[in-house]
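I have placed the structure first, in the form of structure tokens, so that the comments after it can refer back to it.
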Amino acid sequence: MCEDKKKEIERLLADSLANAAPEDLNVLENLLHGIKLKQNKQSRTYLNGVLNYQGQLTGEKTYEAEITLTPFALNPLNIVHGGITAAFCDTVMGTLVNKILPDNQTCVTSELKLNYLKPAKGSKLICKSELVHRGNNICFVTAQVLTEDHEIAAYAAGSFFIIPKPKHIQK
Amino acid sequence: MCEDKKKEIERLLADSLANAAPEDLNVLENLLHGIKLKQNKQSRTYLNGVLNYQGQLTGEKTYEAEITLTPFALNPLNIVHGGITAAFCDTVMGTLVNKILPDNQTCVTSELKLNYLKPAKGSKLICKSELVHRGNNICFVTAQVLTEDHEIAAYAAGSFFIIPKPKHIQK
Amino acid sequence: MCEDKKKEIERLLADSLANAAPEDLNVLENLLHGIKLKQNKQSRTYLNGVLNYQGQLTGEKTYEAEITLTPFALNPLNIVHGGITAAFCDTVMGTLVNKILPDNQTCVTSELKLNYLKPAKGSKLICKSELVHRGNNICFVTAQVLTEDHEIAAYAAGSFFIIPKPKHIQK
Amino acid sequence: MCEDKKKEIERLLADSLANAAPEDLNVLENLLHGIKLKQNKQSRTYLNGVLNYQGQLTGEKTYEAEITLTPFALNPLNIVHGGITAAFCDTVMGTLVNKILPDNQTCVTSELKLNYLKPAKGSKLICKSELVHRGNNICFVTAQVLTEDHEIAAYAAGSFFIIPKPKHIQK
């Protein structure tokens, strides 16, 4: 079955390459590179791989990440798709909470609010997040999305529900 | 240059296929199928293609869409990534506004709010949106995200700023 | 001590009456009438009394209320103060949840979102709320604020955390 | 007519005083004191007067205010009413924007989001706000609500639509 699937995948790629505009080639390279990052466990999710997401704690309650902007992240107006910004913020804020929680806990998003302040463009997007409050059940986090010129493009705030970590994802 | 890029892309795919788990194969097929939908202009954005997004007006002020859930849309807990739900809602609500506005206008997201009510799972996700208010500058829209069993998984509300449509995307 | 306080209160009122514009008289009458409603237990809070708040369940998951608009509720632009609309919605949505919960539970607001769609004016404001989802920990509610002409003035959504009801407010 | 109204107001007060619990006396004193602040133009609105609202700019883009907590501000659980917190934040953030805008402009709230992080109690509430972004049409502001012990009780974010200032409120 796997061999048939592989053949089908190769056929799909050949098809795409035959009709590919330069933009399509960029996106194809980008997506395949992202899959590889996930396969190598350098990315936690396919989405992170595809966005070339890289992040790190920058303090006790702060975490920062960036993604590479390719045509995959743009909307028909050629600015960053609001949904990509939202997905980026959700990942950043959830990851911050995860890193702060003890090993046997994780979190799920309870609510998320985005304010889009400026059209986002350029080669990358940065997100800086901060844990504002850690309650018994909920962690409340804010984040700023910045362009490569460090101008604020969006503002996010979210509540993350603390839950026991399922065994299959405990290290 | 294009030929080099194509070679690189084929190399990346071969690499991925060599080490692919069944889940990786599903995602690869899914992503390549999505690119093709964008190339054939059946999808407006690469993201829509990848999510296999399909939508339509269902009334004067209502619009409904669905996406196919593949491992690409999941988070490490194996439920739909909050960011994918957010991106889906943003697309659905923005598309509704676009369809209602006259041909020389379009919109950008001003603010977006999501409430995640239940973990979303299954083979697809449905989103039903409604224009609540059309102002001079802003359209306000709400949406419900439903699982394939028609249980509510998330609730969204957003404000969309009306702007003149740039010439390059006018038909 | 009470007698001194009463004298002071009478002095404050005499002072106000001596310099009262007609608008001030309306507000004074309004506030004193509100206190009386609270004293008679016709209102649950002083704020409800002052706003002349009246509400009732209109279905299994829906609740509706109205308030009288006096100069107390207006901002310097002579439209309803956004904060009064917010307080009204918070009360309506929290009351709906309270009425649906069993006797030994109550709720506190976890998060509240308001979209102001039109300047609110007129003699009263109506709020219609609906329970969208009842989870184990959180109830999610939406509400529409309408003018006396039944035009939508604002839209609200809120999450209410379910907690055990303290003994002192159990009947 | 005014004289009749004054008689009615005095009658209402006498009535309230006759049956007043100590808490009622506090609220009466508080409300009448608030009316006086509005009459003397020390408060911009009756609501500000009643809450004993006092605020000031603390920087180029920051503004801070406090209110006195009396039983008027409490809900049946004896913690600050979520609606009072919302009204306080809306006033603080709107006032900040007003103070930053030129004399011929003012603003109305477009959307407001509150996260309640801790039950608020004590003798006063503090709100510190910051202008995050000033766009052409919208100012985006965040605020933190603190107890008298400087613990964070709530977090607010709001969008304020910039409008021409009506003549009647221009100085």
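By letter and in written order, the chains are A, B, C and D; residue numbering begins at 1 in each of them.
The rule is short, and it goes like this: a contact is a pair of C-beta atoms (placed from the backbone, for glycine too) under 8 Å apart; a residue touches a chain by one contact, two chains touch by 3 or more.
No experiment lies behind these values; they were computed from the predicted model shown.
Enquirer: Give the chains in contact with both chain C and chain D, ordered by label.
Expert: A, B
Enquirer: Which pair wins on C-beta contacts, A-D or A-B?
Expert: Of the two interfaces, A-D and A-B, more C-beta pairs touch across A-B.
Enquirer: Please report how many Å separate the Cα centroid of chain A from that of chain D, as a whole number.
Expert: 39
Enquirer: What's the distance between the Cα centroids of chain A and chain B, rounded to whole Å?
Expert: Chain centres of chain A and chain B, defined by C-alpha means, are spaced 15 Å apart.
Enquirer: Residue numbers in chain B touching 2 or more other chains?
Expert: 110-111, 113, 115, 159
Enquirer: Mapping chain-to-chain touches, which pattern fits: line, ring, star, complete or other?
Expert: complete
Enquirer: In the complex of these two chains, what residues of chain D are touching chain C?
Expert: Per the touch definition, chain D meets chain C at residues 2, 5-6, 8-10, 12-13, 15-17, 19-22, 24-25, 27-29, 31-33, 35-36, 38-39, 44-47, 50, 71-77, 79, 81-84, 86-91, 94, 106, 108-116, 119, 166, 169.
Enquirer: For the complex, give me every residue of chain B touching chain D.
Expert: Those in contact with chain D are residues 110-111, 113, 137-138, 159, 161.
Enquirer: Okay, in this complex, where on chain A does chain D touch?
Expert: Spelled out, the residues of chain A in touch with chain D are 113, 115, 117-118, 132-133, 135, 140, 142, 152, 155, 157, 159.
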